[in-house]
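Which chain is which? They are A, B, C, D and E, in the order written, and residues in each are numbered from 1.
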Amino acid sequence: MTATDMTTSGKTAPDYEYALEIVDLTIDVDKHGERVPAVKNLTIRVRPGESHGLVGESGSGKSLTLRAVMGLFSKGAHYRSGSIKVCGKEVLGPSAPNYDPVIRGKGVSMVFQEPAVALNPIMKVGWQIVDALREQEHLSRADARARAIELMESVGITNPEDRFDSYPFELSGGMRQRVMIAAAIACKPKVLLCDEPTTALDVTIQQQILDIFRSIADSGTALLYVTHDLAVVSQLCGTLSVIYHGRIVEEGTLRDVFDTPKDSYTRQLLSSTPYLKGVMKAAKTGDDNGGVDNSVDNSDGNADSGRKGA
Amino acid sequence: MSGSKWLYIGKRLLLLIPTVWGCATLTFFLLKLTPGDPAVQALGPKASKQALEALRESWGLNDPLWQQYLRFLGDLCTGNLGTSYSAKAPVVELIATRLPVTLIIMVLAAVFAVIIALPLSVWVATSGSRVVTEFVRILNAVAQGWPTFFLGAILLQIFAIQLGWFPIGSVSGGVDVAALILPSFAVAVSIAPIIIRSLTQSLQDSVNSEYVNFGRAKGLSGRAVLFNYALRNGSISAVSVLGIQVGFLVGGTLVVENVFAVPGLGQLLMDSVMKRDLPVVQTLTVVFGIIVVLVYLITDLVYGALDPRAAKRG
Amino acid sequence: MSETKIPVAQANKDYAKIKLTGSKPRRRKRIGAELVIGCVMLSLIALLIIAAPLLTPYDPTHQSLREAMLGSSSAHPLGTDQYGRDIWARLLYGGRIDLFVAVMAVFTPLVIGTILGAIAGYFDGAVPTVIMRLADLVSSFPFYVLVIVLVFVLGNGGMSIFIAISAVSWVPYTRISRGETLILRDREFIASCKASGFTDGWVLFRHVIPNIASQGIVYAMSDIVVNLGIIVTLSYFGLGIVPPTPDWGQMMNDGQQFLAAGVYSLTVIPTIVIILISLALSFIGDGLANVLKVRR
Amino acid sequence: MATWNDMIETAEAKAEQTGNEGRIVNPFGESSQPQPHQTRLLDVRGLNIEFVTRQHGRKTRFTAVKHADLHVDLGEIVGLVGESGSGKSTISRAVVGLNDNYTGTIEFDGHELGRKRTREQWREIQMVFQDPYASLDPRLTVRKMLREVILYHKVVMVTQADEYCEYLMNLVELPVEMLDALPAEMSGGQRQRVAIARALAVRPWLLIADEPTAALDVSVQAGIINLLMDLNKRLDLSILFISHDLNIVRSICERTYVIYHGDLVEEGPTEQVFSHPANAYTRRLIDAIPKLSSAYVERLAAGTNDVEHDEEQA
Amino acid sequence: GSHSTAADTQDLVVARSLETTDMLPATGYSNGDIWAIQQVYQTLTRNKADGSGVEPGLAESWDESADQLSWTFHLRHGVKFHNGTEMTSKDVKFSIDFARTARDDKPWQFLFEAISGVDVIDDYTVRIDLSEPWAPLLSDLSMSAISIMPADFAGMSETAFRSNPIGTGPYKVGEWKKGDYIKFVRNNDYWEKGKPKLNSVTFKYVSDANTRSQMVQSGQAQIDEFPTAVSVSALNKTKNVHVASFPSTSLIWVNLNNRKKPLDDVHVRRALAYAIDKQAIVRAVYYGQAESANSMLSKNLMGYSKDVKDLRYSMEKAKEELAKSNAPKHFSLTIQVQSGDPEKAMLAQILQESWKDLGVDVTLQTLDSTTVYSNRTSGDFDVAMFEMTNDISDPDEWMQYMFSSSANVNSGYANPQVDDLIKKAAADSDRDTRLRYYAQVQQIIADDAPEIPLVYKPGLFAVRDQVKDFSVTTLGEYKLADTTIAQE
């Protein structure tokens, strides 16, 4: 892995402590014609070179948070209050009510969950890296191409020269995810947001991708890594926040949270991981309990209606 | 273009054979079903019964239907398209002078339709404003409800009479493109609503798509994202809609040709049906069939060029 | 009793209990403003048309040549046409046949086309090929030749127009429905239906068609206006609805000869109605698209 | 309306009476449907599945499953693991009858399954699909969905259908009220339970679960897996459990097959496969499993977790 | 606009409602053909402008033999065909023989059946022999169908000649785009000295009436053939444009199928005729630009009698007549109308409404013109509407065509008395006697009402004021040899 060329500027002492600082962020979404908060007073701080995990169940507001940092609210999601600073500069907040897109690319970039839909389906993958470079770094066509090929190689794409002219649909899921990572880090962002980038992938591929992220973080980029897979967090992140229904319920270093979880939700999250071999075996042989809770697996869609119906 | 592409084109062109046969057969029997005697048309209302009978005999109209059909198929295969009953000139000649007119109207109409539809669709898809959406909706409704002959009359009144920018029914030798601009525009207006609808839809989809988001996340400017991401993707599905519309236009420009006094194939078709000019109608339907197949082929090729996935789907 | 299950997130529990009042949940499908506006507009127009006898004392076919081409007055709110017929009465009565033909000529091809397309998309083999070749053939056959010739064969009038349009316009529905079916066929629920042992016909009619119908229905809304346009065009060539049955196409075309004389109202009045219908259907189409959009 | 608890109690009471220990007894009584005779419920031998794909008009043959031998015994949970595209779903689709284009034999309960299956044969093997968001008809409420399959296979009488639906809901631990919910109104886990309920509605002997939890949250996965284990035990249901999540397979399966590029490269008792993988690929797969190190989890596993109670009381 | 050049170049554009499809004189039958043929070809005799008779054309003079069976024509000297060769007797013989000999595609051949032979006396003298005395001969010879062509088509095949006509007329065919326009250019060797004055005349085919008017309004064309009656006042108000009205032989009439019940009953036919308010039609359909018709013979033709008493509108009389008939109380009729003809469609609707009060249930059936004419020939109709213009100044053609029991117009009406009168009139060379016979026929027809005349229409033309000396003869021939275009 050639991580050396990824972010060298990160090593020079920056004039800010946190590469990414989200303070008291509240985001509303439209639900059944009402505007309800989906992310509530969320605060996350990530230092340069640090990998921070954001863990929570589906619908807890992880993606909304990341999209707020990118300034990419989809229809129906609205910023309400709070502040987001990238490299000390407020991009969204009281002093910047309208998101400033200048920060994208070089300041902050993002790897999306589904590489199959996040890559432009009709554009050769190489050009999807090149166009970012040309726009942001003002490189010539040839330079940008050379740089793109380097990047592709650095994220573990074999034969980058050949792959350059492939279309996304011609690549496997793992390859696509690598392309997306290469495009996301093309302009050496100070902050890289990752929205469940390995969920769609095989374990073996996941392992390789995680390696890439590790080296990106090592090169000084601040990583905010969203997942619901605690095992992944434990492999990659130094610190983490647990989000539950739009609120951070627990945060701290990996060891603190994993070894002595304080919040009950965190505990249940930890305990629901199906790695409890002993417990499993017990479940298979032991007697059953009729009083199992009926529906343990609810996304908050139902939770909300349940609340309202009550 | 790769070899397989040519193979594909070749295969598609082979489709012409059943299409031509189907079109011709359908027309043949449909026209045979219609009442009305081509001989009366050819000789006029004053002709004597004997003359009519003699003419029918010499045209073979008294033969059993299957014989007529076989003879017709034979002629078609040998490329013998016959002589017009009414114009008494070779059918090929009649069609050849009008074909360019129709083709130019089709192409211009397609271009105008895109020129009309593209900005409006982009406007609706990107502005997200209710007012814009409703404004364009009203434009669409007006364009759809406005009868073509009326639109034609108004266009002529304004652009030909008041402003004098375009000729009406030019009589210059060759094809006077200036005289085809208003008719093409009228055609474009009539097909634009459908294109606007589909283009807006697909643009909205692509503007809200994840790849556009990713494009922005990479730091691309709004313009770059709009053109290279949203528009290119969004226009893919509109291409086939446009193709189908243009295909439909072949022979569907009757009113426009009448109103603007341009001698196109649509008018010839209408006249020939009215006159029971079998050889002309039959050849025309065959020509239309060929044009439509070609338009669809071009559409698919453009589609394929725009969308690399198309090749894979086959 | 000892806990032997895999422990699960208990905190979820509070939110997880779904309280549904009554036996049926209130499934508030959000009917958008568009659908409401469109339906109100269309119902108003329909109401006017249905209640025509109450809204005008005139017989729409009654001529009174001595009162031709009158301007608007209290007796004739929209004036009279060249036969001295009351335009308001003709406008009201004129919608009956036009809308009926236009709607029927959408409904029939919608049903036929959707079923054919579903068959073509669902199965492999000869039948789909035949269907699609036929669709190709019909769509490469000049539409107006078919319509005009059919009108000649069948005699002009609403029935012929209906048959002629139907004979042609099933094609887009077939294409739409086939495309949707091809997508749907790859979705797992079709596989899961088959795995339940359902026969192909069962799956096709109970699962495939209901799920793909919405696209065609939405398309059909704009097709109604297209059909009205065809009726107008046929009237232009004198092949429309047979007089004296009042219809909008004939009205517009009756007005056509007056355009040269600078009298536009005869054409404009029915045109406005068609534009309003087009607008209403556009609202309904968009609204339906939203409502019918199957939520995943 | 009988609550779940009442239902279970009566069921258990019945079970005790009949000595049918550990099995949930259908409140409608065992139907006339025959029970399996063989312990070897499913026996797949020499299963070979080829796909012919067309690329740019050229046919290429691709063997997705190569001479697979695989069996499932009565009441057994068998795992099938392998990376994406290795052929897991292909095998399952062939077994369940969705793909009849294979060579080799698939025997079920001692009888070979033909290419055209009888309604009864369809009933015996049921499948739960990977993506609960795509495997339910989005237009049907749970009740309609269940009734359809119940009545189609004539599992109970029409008059009993609703009651039977409630029984099924209880079986999969869903509130009865949810019978009138649409898939869109349910979470992924709930949908997957509905899918399971539908599969169980026809009282199959073998359930094929093709990555039933892959699309679900970790916290939700546990519930589904519990349910499957539960059903296995209560209904003597054999399960072929397909997954690429080795952790889950390790937790619940007695026996495991490992598939790699269409080859079944390893087979054996789960523990043995995981602790002493014979095949290099299996080893690689196991190594790639992300390890979670949490003292809390360890304590939990060891049963020495008392922190929780403290907290809850606090 | 681009229209200021018409005066400089003397190029006239006529927007025409009909297309020119066939310029072979013997076979072209529609007005679109005939009026174009008349620019290029000429005939031995020429119709006088007012339609009252014939005057010398290519024949300077003629003599009739005593037995009335042989006519000698003296040809004009020095007349050149467009290809430069001089016109002589052999060309005349060729042309007449071509037109009269039986051929399956010659619609006019019936007109010349009385001719039994054509003899060349010398280069400038031709004798025509008749099988029976035939008064209309001179008029017949003015028919475009018997125009003089170069012998043997000047060496071309008939097909080639059809597309490259050669005549002696003031204009020759310059450019001909079938279905679009035909452009005539000046024949510099024309025998009438100083004519024609225009460089070129273009007949542009524009089927839409609005567009034709607009072309004249915009100066794109200088003449619009047949503007709609309703647009006349608007056109007259347009600057530099006026509407010229020329007398014509046009008659709009209703054809009844006298063979079908209950139309076979004269009382029913009379009732239907009485029920039509022609005055109202003149106002509502023609805005006064037409005249109600009293006779089935065109007003501007020789033989027309203004004394013919028609069945004037009277609902009482109509009902009385119907009461006299044995028609059922209610019966239904179908009116066949040609598609694409708004004027007739409007008339048909008016008839429909007019007859409703008689208890007649009228259905309109729109058919293409081919079918309408086929049905007329085969008798497959109840009621149909037609417009008729005559091509020659003699009424014989009209009489034969419309009223004789062997008529082409199939109304199924057969009256030996009428047949006899027509025959006698054709054979008689005394003008007054002929007129008397024809007046009698007209009154019989008016009373028996086998057909119902509606209106006489003038020839309306929207003309730009700059066009000078443009006129149209009663028989529809465009007099373009004298026409000039002035600066606007």
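We take it that contacts are C-beta pairs under 8 Å (C-beta built on N, C-alpha and C of every residue); 3 or more make two chains touch, one makes a residue touch a chain.
Note that this is a predicted model, so its numbers are computed, not measured.
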Task: From chain B, the most remote chain by mean C-alpha position - done: D
TODO: Could you let me know which interface, C-E or B-C, is made of more C-beta pairs in contact?
DONE: B-C
Task: Gap in Å, rounded to a whole number, between the CA centres of chain C and chain A - done: 46
Task: Inter-centroid spacing, chain E versus chain A (mean Cα positions, whole Å) - done: 87
- [ ] Averaged over CA atoms, how far is the centre of chain C from the centre of chain D? Could you give it in whole Å?
- [x] 45
Open item on the list: Taking the mean of the C-alpha atoms as each chain's centre, how many Å separate chain A from chain D?
Closed with: 32
Open item on the list: For chain B, give me the residues that contact two or more of the other chains.
Closed with: 34-36, 149, 153, 258, 273, 312
Open item on the list: By the touch rule stated above, which residues of chain D touch at least two different other chains?
Closed with: 175, 178, 185, 219, 222-223, 225-226, 300
Open item on the list: Quick check: what residues of chain A touch more than one other chain, meaning two or more?
Closed with: 57, 264, 268-269, 271-272, 274, 276, 279-280, 283, 288, 292, 294-298, 302, 305
Task: Of all residues in chain B, those that touch chain A in their complex - done: 128, 208-211, 213-222, 224, 228-229, 232-233, 236, 306-309, 312
Open item on the list: With touch defined as at the start, can you tell me which chain C residues reach chain B in the complex?
Closed with: 133, 136-137, 139-146, 148-150, 152-153, 172, 222, 225-226, 228-229, 232-233, 236-237, 252-253, 256, 259-260, 267, 271-272, 274-279, 282-283
Open item on the list: Under the stated contact criterion, what part of chain C meets chain D in this complex?
Closed with: 5-9, 12, 17-20, 23-25, 27, 187-189, 191-198, 202, 206-207, 210-211, 294-296
Task: Residues on chain A engaged by chain D in the complex (per definition of touch) - done: 57-58, 173, 201-204, 206-207, 210, 228-232, 234-235, 258-262, 264, 267-280, 283-284, 288, 290-292, 294-299, 301-302, 305
Task: Touching residues on chain D, where the partner in the complex is chain C - done: 93, 96-98, 117, 119, 122-123, 126-127, 129-131, 133-139, 148-149, 152-153, 175, 177-178, 180-185, 195, 198, 202, 219, 222-223, 225-226, 300
